[in-house]
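To keep things simple, chains are lettered A, B, C, D and E as they appear, and every chain counts its residues starting from 1.
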Amino acid sequence: MSKVIKIDINSKQGLLDFLEHLLSNNEISGVMSLRKINENGICDYGLITEVDDLKSIEPFAPVMPVNASHILSSITPAKKPIIAIIKPCELRGFVERVKRKQGSMKNIITVSYTCGGVLPLNTFQSDDNEKIVSEYFETIKGTDTPENVRPVCKACEHFIPMTADITISVFGNKDFNSKSCLMMNTEQAIKLSKSYKCEIVEKKMDDKLMDEILKKRKAGKEKLYKEIAITKDGLDEFVDIFGKCIGCHGCSRVCPICYCTLCDFESSNYDYKVDLIENELSQKDGLRLPPDTIFFQLGRLNHMSFSCIGCGQCEDVCPAGIPVSSIFKKVGESTAELFDYIPGKDVEEIIPVMMIKEQEFPEVGE
Amino acid sequence: MEKKDFTPKIIGFLCNWCTYAAADQAGALKKEISPNFSVIRVMCSSRIDHNLLLTTFFNGADGILIAGCHPGDCHYDKGNYYARRRYALLKDVMKTLNLEPERLELSWISAAEGKKYSEFVNKFSEKIKKLGPSPINESKLF
Amino acid sequence: MANNGAKISFKNGLQNQMRDFLKECMKKGIFDAVVLPVRVPANDSYAWILMNDISIVDQANPIPPVMPVQGAKALKSLTRKGDGILKIATIMKPCEIRATIELAKLSQVNLENITLISYDCPGAIPMSIYNNLSDDMEIFYNDVVSENNFVSEKMKEVCGFCVDFSDVPDDLHFGFTGLENEVYIIPNTGKGNSVLEKLEMKSSENLSQWKKNVADIKKIKSKNRIDIYKQVQPTVDGLDNLQKTYEKCIGCHNCQSACPICYCRQCFFDSTASEQSANTLIDIAEKRGGIGFPRDKIMFQVGRMSHMSLSCVSCGQCMDACPVNIPVAKIFSFVSSKTQNTFEYRAGFSGDEPIPLKVYKDDELSKIHEIVKNAESDGSEHE
Amino acid sequence: MSEEKVLIMGSGLPGMRASLLLANAGKTVYLVEKLSNIGGDAIKNEESFPKLECSTCMVAPTQQEVLHHPKIKTMTLCKVEKITGKVGKFNVSIKKKARFVSETDCIGCDACFPPCPVSISNEWEENLIDKKAIFVPCPGSLPNVPMINTEHCLHINGKKKECKACVEACMFDAINLDDKDEMIDVEVGAIIIAIGSETYDVSTLSQFGYGNNPSVYTAMEFERLFSSNGPTKGELTLRKTEKEPKSVAIIHCVGREEQGYCSGICCMYSVKHAHFIKHKLPKTKIYNIHTDICVADKTYFNFVENFRDKETKLIYHSSMKDLKVEKNGNGLSVNYLSGLGAKEKLDVDMVILASAMVPGEENKEISEMIGIDLDNHGFFMTKKDMVGSVESSKEGIFIAGCAEGPKDIQTSVIQAEATVSGVMKIFE
Amino acid sequence: MKKKIGVYVCECGPNIASKMHIDKILESVKSHNSEDVEIVPIKHKLLCSVQGKKFLEEDIKKQELTHLVVAACSPREHNTTFMNICKKSDLNPYLYKMINIREQVAWVIPDKEKATEKAIQYINGGISRVQYQGELFENKIDAIPDVLVIGGGISGIESALSLANEKRKVVLIEKTDKLGGNSVFYKKLLPRQGAEKDFIAKKIAEVTNNKNIKIHLETELEEILGFLGNFEVTLRNVNNKDNKIEIKIGATIVATGFQLSNPTSFKNVKYKESDEVYTSLEIEKMFSEKGKILLSSGSEPKTVALVHCVGKDEKKYCSQICCNYMMKIANYFKEQSKEIKVKEFYKDLCLPNKDDEKLFRDTEKNGVDFVRIKDIDIQGNEIKYTGINGKNEKTKFDMIVVAPPIEPKAGTKNLSQIIDIPLDEFGFFQEVHQTTNPTGTATDGVFIVGTAQGPKGISNSMLMSQAVSGKIKTQLIPGEKIIPEVKTSEILEAYCMGCKTCLEVCCFGAIYFDEIKGISRVNEALCRGCGNCIASCPSEAIRHKHFTSEQLFQEVIEILK
C-alpha cells in the first residue's frame, strides 16, 4: 500500500496542479518533462523553471525524441530538487546510467507512469498527430497495447515503473480523463506533498488489471521474437538482418546505455593498415568495406545488451530500418537471464561483470 | 527592438601582444570603456575557433569581437591571417542563415592604439545595444 | 576534362559493358582488385565489396540504384593508413569521387594505387524507398539507366538539382548522356590514359556531341537548383525559421556520421569539451524560464556548416540518414554554395586546389567580399 | 658564470637586445640609461619601415622582458662618470640622478600629475606639448614611473618650498622630495656602448626656415605628431593654425653635405612619412624632394617604388644650397633647382626636414673617459683598419648601433648581437 | 580532493580600492563555495609591494591553497611577479590566474557600482577557469653546442672562427674545392682602401689551421632533421653522392653567398657583343691576377665607362655595394695610369655607410667624372644615355664595366627545400623578422648570414656572422640544457585523424607527422604556443596546455552568467 493523492480532474491537469504548487512554492526548482513546442504537436524534453510555462508540458505524450536518461545525466547532480516526468524504460535507463556514474539521483524526484508504449517518431510527428494521439489514449484506457507503437513496446513487460518516487496510473486507467491519482512511493515524495492541500488515501495498483496487460505483453513478445528470425546467435541470420547496416552508429549514439564518449569501435584500434586488408583479401575472394559494419553490432551486443532496457530508440533512428532494438532486447534478455539481472530495477544492484574476448568472434566480412 | 533595460553581454577575444596591450593602454589613458564588454585574453587571434565562437554565442553572448595584431605584425608570424579566414567563414555562414552576422566582428588594433580600441569597443557595444538581445538568449528551446 | 575518348557500342546493357571493361583490365593485370557495390544477401541494400576474383565482378552492379554507404567512406576505410601493393580500381558516383578527392586532400584517402572511375550519374533512389521495394526499384532503375533518363522524379532531391552529375575529376569516365547503346570511355588523367593504352584502346572520338547533351541536362538541373535554393532560403532565414526547420531534430547526429566529409574520429559536438556542467544548465534554465533538449540542435548544424560546408559535395547522405526527415542535404547544399563561392573554391573539383582553411592570402579581405568589410575599414589603416 | 658582469650603455633596441642575450646566458647586465625610460628612439615611431609595423608592438615585449629579467639591472637616469681598468676587470662609477619617485613603491597611477602647478615643455615629445614638473615622457613609457624635474619643481628649486602637491597626491608614499643623487660602483668584465645618435640641429640652416615658420617640422617632430600615443593622439594638424595640411613637402638629405655622409635611412622614413600622411589625409598632395635615393636593403627599393607617384611625387633637385623654404602668405613655398637646372617653386602648407643623424653629445666625453677613438665625424670607431668589427680601439669595449654611425634598426640589431659574441669570447 | 582557491584582490592603493567596493567583491566570490570547492577571499593594499609579495608567499603556504586567483593590474605588468611567488611557495604557477581589474576595469569604468559588478564578473570567470587549469612543468633537454656552417665564403669563415673553441666544434662545408668565395678575387676591400687582399688570405689560413673547425670541401647538405640544440645532419660529397657523412649539431648557419647576375639578361645591355664589356667581378679578377687592367688586345684602355645599377629595375632591388666598388674600380684605373679617362654613369648614389661619401669625394678629386643619368643603353662599346638634364648623348669607350645586381648563389632554391627555409620574393633566404631578427629563420636553430640573406658588403656580412655567433653562444652554452616553451600544444592521440591540417598551418614547423601511427605530433622544442593549430583542428584532437577549450569555455560561460 502507498499514499495516493486523489484529485478530481483529469490526470494531466491533476499533475499540472501539483507541479504548479510545488514550483510556485519553491519546493522544487524545475520540472523536466515532455512539452509541446508547436501547434502541430511536436514535443521535446524541456527543463521548465517558470510556473506559466508548465502549461506546455505533455507528461504522457507517447513519444520519445530522446531517451530522457541522457538528459537527466546532463542535469545531475542537481543542486536543487527537480521533478523529472519520464517513461518507465527511461527511468530504468537512468538507473543503469547512475550505476555507471553517468548521473546522480541527488535532488531528482522521478515521476513515471504505467506506459502504453511509444509511437515511432515519424508516426507521432505526422500531420494528423492529434488524431493519432487521441486514438492512442482511447486504446490504452483498456488493456490492449496500440498496434502502431514501437515493436519493442508491444513486447515490453516492464510497463510499470520500478523505482519512481511518484507513479501515475495511465495504461489501463479508465478514469484517466476524469480523475488523477499520484502514488507517493517514497519518503522523498511524501515529504514533498506535505504542503499540498489535497485528499490523500491509501491505495495500491490493481494487480488483476496489470496481470492482464502483462499477459498480453508476454504474448506480444513471443510474436515479436518469432518475427525477427534470430533463434540463435547464428551469424548468417545476423548478416541477413544487419547486411544493410551503413555503419552510422546512430543506434549507439541514442542508446541510453552506450555512454562512452569515444566508442571503442570508432577508435583507432579498428582502422586497419591497407596491407592487412589486402592480406585478408588474399584469403577470401571478397571483402566488405568498411570492414566492421557487422562486427560493430556483435561487439555492441556484448558490451551492453545485458543492460538493454528495450526503449526502442535505436530502432527508430536506424536509417536502414533494421529492427535493432528488437534484436538487442532478445539477445539482451538471454544474456541478462544468465545473471538473473533486470536492467534498471535497482540502483544498488551491481552490473553483471562480463569478459569480452574479441577473438571469440571471427573477423567479419562476408 | 531596443529595450530600455537591455544591457548587452559582449565578449572580446583579444590577442595578448597587440590588442590586449591596447586595452591596457586605453586604461592608462583613462578612456571610458563600456562595462558590457568583457575581455578574454588569448595568445593569438588564431587560437579562436568556430567551436569557441559558437559556444560563446549559444551561451548568451549578444556580440563577439575578435581583435589582434595588424596583418603582417603577428607575434607568431602569420596567425592573424588564418584567424581572418576562419572569421570570414563563420561570418559567411551566419550571413547565409541570417543569424545577425553583425554580432560577430573582427578588427586589427595594435598595442599603440589605445584610443582606437576604446572608440571601436564603445562603438561596437552601442551597435549591439541597438540590435537588442540576441534571439538565442530569449529562446527556451535550447 | 579531356576532349577525346574511346567509343564502345554494347548490346546487353551498360552495366554489363562496364563489368566487362573491368574484367578485361583485371585479366590484363591492369588492376589487381576492384571495389564495387554488391547487393547484400537479403537483397535489400548494397555494400561495397573489395574483390580480386574476376568471377565475382558479375555479382556487382557498377551503377547501383542506391548509395547506402558513401563510396568515399569505403575507400577511406581501405587506404586511410597509406597505399598498399595492389592496384585497385573503383567505379563510383560523381559525388562519391568528389568526396574522395576532398578526403585525399585531408590525407584520409590515399589515391596512390587507386584508379577512380565514374559515369554520368542518373542519381540515386532514397534508402527508405529502396529498402522496402528493392526488387521493383532494381527494375525501375535499370530502365532509368538504359533510357538514360537523367531527370527522374524518383531520385533523391539532391540528385534532382545536381549540376555536376557528369563533371567530375575521375581518372576514367563513362559518358553516355544522350547516347543509345553507346558509351564513351574518357581518360581525364595520365592514369586513365595509361589504362586505355594498355587496353590498346584509341581515345580518338570527339566528345563535343556528348558534351552538348550533358550541357542540356545541366541546364535543366541548374534551373531546379535555383528553384530549390529559392525554396530553401526562407526556411533557414533567421533563428526562428531555423528552429522551426529543425524542431523535429532529436540530436542523433546521423547526418554527421553519414557524411563522407566529416572525418573527425569524434565530432566536437559529441566531445566532453562541448559538455556543460549540470549547474550551468540549471542556471541557464532558471534565467530563461526553461530550456529544451537536445540543446545543440542549431549550434550543431551551424557548427557543422562552418566546419565542413567548404568541402560539402551535396551527396545527400545526411538527408537519407535523418530519422525525422529534415531536408538537411538541401540546406547544406544551399549554404555550401555560398561559402564555397566566398572562398572561390569548389569541393572535390581538383586535387590541386588546397582546402581553403589550410592556406591564406596576404591581402584577401577585399576578395572575401563584404563579410570582413568592417575589419577592412577599421583595421586596414596600417595595412 | 654568475660572477660575469657586463655594462651596457644605452637602452635602445641594440642595448636591450644585447642585454637579453647576455642575461639569458646567465651574465649579470647593468643596463645604464640616461633618460627616465628605456626603449630608445624606436618607440618614438608609430610604425617602422619597411614592414610598416607598429613599433610599440615590436619593442614593448622586449622592454617588458628586460624590466622583468632577474639578471638585468636596469639603471635609468644614470650616467657613467668614470671607467678604469681593462678587459675582464673594468671599474665603473655610475652617477644615478635622483628620480624623487621610488621605483618599488610607485605603481604608475598618474595621480601626481594633475596637482603639480608647474608646466614645462616636453622635450621627449619634441616640445610639441607640455608636461608637469613631475612626469613620464609619454603614456605607456616604461618603466611606468614618473620623475621630477629638479630645476622646475618649485619645492626643489626653492621657489615655493611649501609645495608638496605631488607628495600629498601620492597614496603610496612613493615620492620623496629629499631624494639625492647617488654614486654606484660596479665591476664588469666588458662594456658595450649603444648610446645611439642624435639628429642634426636644422635651426642652424637658415635656408629651411625652421624655427621661423611653425609649419616646418623635423622628421622626429613629425613622428611624434603622427603617433597615436603622441601629443595630438595622432591628429595631423599643424601647430599654430591647427589645420590639416593640404600639401606637404618632405625634404631629404638635410645636413648631408654639412656632415659629409649620407645617413642611409632618411629616404626610407621620408617616403614612409609621405605614406603616413596619404593614409590619414588621402586628399593631401605630397612631394618628396630628394637628391640621391639611397635604398640599401633588398626590400627598400620596392618600398620607395611602390609609393612613387601613387602616394607621393618624388622630385629630384640638383643643388642643396639652392633649395630654400620661404613664407608665402599663410603657407610656405619651396624653391629649388630641377634636374634640368631650372628654378622651380612649390607651394605647400607643411615642410618636413629629413635631418641627418649626428654623433651624440657625450661621445667625445665618453671616448676621452675610456680612452677610445672617435672617427673624424665624431662617431665611435671600431678597431683601426679592421673590416667587420664591433670592438673599439680598446679591448673589451664594444660599439653597437648608431653610436658607431648612422644605420637602420636591422643593422643596429646585428651589431648588438655581434658585440655579444665578442663579450662571450672574453668570458670563455 | 577538495579544491581550495585563494582569491586575492589587490587594492592597488586608491587605484582599485577607490573605484569599486572591494568587500562586496570578496563577499560575492564566496558563492563558489560548495562541497568540493572552498574559496579564500582576501584583500591587500598592494600585492606587488615587497610586503605584499612576502604576505602572498606565506599565505599560499599557510592556507594550503590548491589554486590561486589574483585580481590586480594587467598580467602584462605583474604576471611573472606572481608566477614567481607561486614557485617560491611550491604552488604550481600554472594553477594560478591573474585578473586585470585595474587597467581594464578600475581605470575604464567610472561608475563604482558597475565597476564592482565587472570586477566580480571577471573574477568569477577566473575562478571557474583556474579550476580547469592543470599543472605544467618545465622539461629541460640536452643541447649540442656544435655548429654546422654551410658555405666557405667570408661569412662562413667568420662564423666558424667566431664560434669555434675547445667546447664548441664547428663543421664547415663548401661546395667548391677552395675556401674564400667571391672575396678572394678582390684586390682591395671596402670601405677602407688599404691593400687588404691578405686580410682574406689570413682568414682562410686561420680557419684552416683551427683544430676546432672541421672543413669539408666539395661537400653539400643532403638532409637535416631536428631543432635548436639537436640537429641530425647528413652531408655528402658533391662528386660522389654515396660518400656520406652523418653528424649531430646544435645549430646551422647558412652562408651560401651570392653570384653576379648575368648582364645579358638585361634589356639595356648588349654584353659580349663587344669583347670590351666586362662585369665588375671580371675586372677584379683581372686586376688581382695580372695586376693590370687591359683590353683583350693587350693594350691599356684610354677611355673607360663604369655603368652602375645595370638591371636594378628588373631585379627590383638595390645591390647596395655597387656604387662603392665601382668607385674602387675607378681608382684601380687611376692608379694604373692617371691618363685613363673614367666616366661613371649612375642613377642614384647609394652610400649608406659613414665612410662611403668620403670615398665618393676622393674619387671625384681623383679625376673621375660622375654622370647622373635617367636612362642608359649599352650597345657594344658604345653608350647611349639620357642625362638627368633630359639631353640624349652617345659616346664610344675603349672599355665598359657594368655592375650587375647581386643575386642568390645558384642552388639556393634547392638548399631552401632541403633545409626547409622559405625564400623571399627575390630568391634570397627569408629572415624571420627583417627588423628585429634579420639572422633568424622560421626554424629555430637555423640562421642565415651574409649575402645569402640579401646584398651587402663584406663588413656587414662579417658582422652578421658574429651576430649569429653571439646568439648561438648565448643560447647553446656547452654543458647546459635548454628549456623549451611550457605552454605548448599537444596532440590527443586517440582523436587525431592525421589530416595534417595543423601541420600545414603551423608557422614554426613545430608539428610533424608520425607515419607509423598516422597522427600528427607536436615538437615542443619548436612550439611557441600560439594555438593556431588548435583552431585548425575540426575535432578536439589538439589542445593548448594552458588555453584548453574547457578553460576558455569556463571563463566565457561564467562571465556570461
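The criterion applied here is as follows: contacts are C-beta pairs under 8 Å (C-beta built on N, C-alpha and C of every residue); 3 or more make two chains touch, one makes a residue touch a chain.
The structure presented is a predicted model; accordingly, all values stated were derived computationally and were not measured.
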Any chain that touches subunit E and subunit B: A, C, D
Most distant chain from subunit E, judged by the mean position of its C-alpha atoms: A
Farthest-lying chain, centroid of Cα atoms versus that of subunit D: A
Central chain (by mean CA position): B
Approximate Å spacing (C-alpha centroids) for the pair subunit B, subunit C: 36
Averaged-CA centre spacing for the pair subunit D and subunit A, given as whole angstrom: 76
Inter-centroid spacing, subunit E versus subunit A (mean Cα positions, whole Å): 63
Distance between chain centroids, defined by C-alpha means - subunit D, subunit E (Å): 24
Per-residue overlap in subunit B, given as positions that touch at least 2 other chains: 21, 28, 30, 51, 55, 59-60, 70, 72-73, 75, 78, 82, 86, 110, 116, 140-141
Residue numbers of subunit A (touch at least two other chains): 37, 44, 46, 53, 79, 262, 267-268, 271
Where subunit E touches two or more other chains, by residue: 76, 494-495, 505, 518, 536, 540, 549, 553, 557, 561
Interface residues, subunit D side, partner subunit E - complex: 13, 17, 21-22, 24-26, 48, 50-51, 53, 58, 62, 64, 68, 104-105, 107, 109, 111, 171-172, 256, 260-262, 264, 292-302, 305, 316, 318, 339-341, 375, 377, 379, 385, 387-390, 405-411, 413-425, 428
Sites on subunit E touched by subunit A in the complex: 34, 493-495, 517-518
Interface residues, subunit C side, partner subunit E - complex: 80-82, 106-108, 263-268, 271, 273, 276, 280, 283, 287, 307-308, 355, 357-359
Touching residues (chain side subunit E, partner subunit B) in the complex: 74-76, 100, 102-104, 106-111, 114-115, 117-118, 121-122, 125, 432, 442, 487, 505, 507-508, 528-532, 534-537, 540, 544, 547, 549, 552-553, 555-557, 559-561
Of all residues in subunit A, those that touch subunit E in their complex: 79, 262, 267-268, 271
